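Same chain, two partners: subunit A is paired with subunit B first, then with subunit C.
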Partner chain A sequence: DGVAILPAPQNLSVHSTNMKHLLMWSPVVVPGEIIHYFVEYQGEYESLYMSHIWIPSSWGSPTEDPECDITDDITATVPYNLRVRASLGSQTSAWSTLQHPFNRNSTILTPPVMEVTKDGFHLVIKLEDLGPQFEFLVAYWRREPGAKEHVKVVRSRGIPVHLETMEPGVPYCVKVQTLVKAIGRHSPFSQVECVRVQGETLPL
Partner chain B sequence: GQEFQFGPCRVEGVVLQELWEAFWAVKDIVQAKDNITSVRLLRKEILQNVSDVESCYLIRALLKFYLNTIFKGYLGKAADSRIRKSFSTLANNFFVIASKLQPSQENDMFSISESARRRFLLFQRAFKQLDIQSAQTKAFGEVDILLTWMEKFYQ
Partner chain C sequence: GLKTLHLGSCVITTNLQEMRNGFSEIRDSVQAKDEIIDTRILRKTESLQDTKPTDQCCLLRHVLRLYLDRVFKNFKTPDHRILRKTSSLANSFLTVKKELRLCHAHMTCPCGEEATEKYSQILSHFEELTPQAAAVKALGELDILLQWMEEM
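Up next is the complex of A and B:
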């Protein structure tokens, strides 16, 4: 086993948005050389009961970039320990471990991108595909005094969904938020978009 | 949707599909190592006709056994990283479920918890009749039987 003379990677951090998790660190630089990195993880169960067990990351063992997509490794809503080391030929660095375990329930949830359209008299919405963990809560209403807000939970992704048959001349408005059951959280609502039959989309 | 409801015990935050995918990834490898095909640990009479109320006691006992006895021993020997990856998904999600299960300890529930305990003892006795390594391998290979039963309580 090569003597660890390579410096260990520093400044590990996880950037997580919409349940996509990216582990990043400062690169180890040896002029003229290509450094490979090896990423490993362990969930709460391993860290409690078998702390010697670490599992190679699906996409980061090895990698040449100072980052690794760990989304496929984080498959439970528990704290995960993550570590990285550098390698150059037979030389390997010490492990650097993420200072605070990462839990996917800390992911940043952003309002979803939506496309509100009219299909004849039909109010139709199309939502971006964020993956199987996501559901969408769609709120829609007629923009007139005393109008009732309707709510629909949509699971289909990237497919147009019919919301309502519209009455001509009345603006209909829509807003959406994502729901992630695996972590029991939802995103903020999107901007409101309104359409009217025989009228143009009316940004608020 | 996407939560377990074992009678009065409700568990959110676990995506059953993730567990299935983890097991399917290693099913053939794991079940091929099970040479004792004439024995089944999770026999029909253990999981059949379990009432909702009883299910919380039974699943808690089974998951704790898997976590403390089966996974703990099995993982140390699993060199294949695919098995370790799947194992980690299953173990950590079982850990989440087990930690959220709070069955009632009231006296009037004694007969129900006893029924669940008898069912669990059937499983544990069958497990102990095999050598530990064969038993751990077989039990890990039977996770699909367990998940199929758990699926009945997943909404």
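Up next is the complex of A and C:
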């Protein structure tokens, strides 16, 4: 009856960076044929309270690619079970289940792309928009002996933010890290970037 | 961002906004399934706000357990979009319940007479209905529960 003739997808893994989660697997190959894949998930709630329940992924049921963006499915900080099967016409493979449940708190966090600019005497920073769950901790200071480091938490995404009014001739440096409160973690700091306003005197 | 809930001496953080966003996307669909409009399960008289602080944690813990044991479990829908949202809510509730369990383990979630009495009231409203109808109504009232939590 066409069940489980197709080989099940192998080598399932989740690649997660900055809260974007991609489930990947090795493709099932039948020469000259297009294979469709069906991805399903269950959170810890389902596995504890209704283990027979599996939920079709938002974007991976079906898909022709050996990968599925599960970001919209992983919406709580709990372990998720994930499984995939292949389908070709009436033929359907067995399910392959991710060996270890995936929890979004294991995502790799990287500093955002940062643009440090001068707007007249104003030190301005513009940060990459990584999504609503992200905040950024911006550290900035005057590059001179004994200078104090200032810190500002920025929530605006992709919009320039004024940090400081600069004194001419003094370099100002900036570094940034991402904060994701939903998982209680932060990224390493970015590279340091410095700018300086040429030595004009400040207007009266 | 995260919301800090002060429940007597039990303090937890939770992603209320994420839950609100998720529920708002299915509220109308779920509430439309509720055919019993002359009663309510979560009533003001049994709200968290009207409960003394020392009993708030216990009351919330019991209400969450009710939702996890008998609401999300008994709510059936063929609609995958709604299924995903209720799953998201259930797993978020599970996260909150784990935090409350920590408070319980640290003796900061005591059950006094008031919490016990109010929860039994809520349970009796719930059990006036069939399991299926109660699950639909309780899920439709999730915004009431989220509002209670918001005000903690």
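Points worth noting:
Definition applied: the second predicted complex is superposed on the first by the 196 of 204 C-alpha atoms of A that agree within 3 Å, B and C clash if a C-alpha of one lies under 4 Å from a C-alpha of the other, contacts with A are read in each partner's own complex, and residues count from 1 in each chain.
The definition used in the following text is that a residue touches a chain if its C-beta (ideal position, glycine included) is under 8 Å from a C-beta of that chain, and two chains touch if they have at least 3 such contacts.
The structure presented is a predicted model; accordingly, all values stated were derived computationally and were not measured.
With the two structures aligned on subunit A, subunit B clashes with subunit C.
Contacts of A:Leu88 after superposition on the shared chain: neither subunit B nor subunit C is touched.
In the superposition on chain A, A:Thr77 contacts both subunit B and subunit C.
Within the superposed three-chain model, A:Met114 lies out of touch with both subunit B and subunit C [touch as defined at top].
In the superposition on chain A, the residues of subunit A touched by subunit B in one structure and by subunit C in the other are 42-46, 49-50, 55-56, 58, 73, 75-78, 181-182.
Residue ranges of subunit C in contact with subunit A, taken from their complex: 1-2, 13, 15, 18, 22, 68-69, 72-73, 80, 83-84, 87-88, 90-95. Subunit A contributes residues 41-46, 49-50, 53, 55-56, 58, 73, 75-78, 105, 132-133, 181-184 to its touches with subunit B in the complex.
Every residue of subunit A that touches subunit C in the complex is listed here, in rising order: 42-46, 48-50, 55-56, 58, 72-73, 75-78, 135, 155, 181-182. Taken together, the subunit B residues at the contact with subunit A in this complex read 1-3, 12-15, 17-18, 22, 67, 71-72, 75-76, 81, 84-85, 88-89, 91-96.
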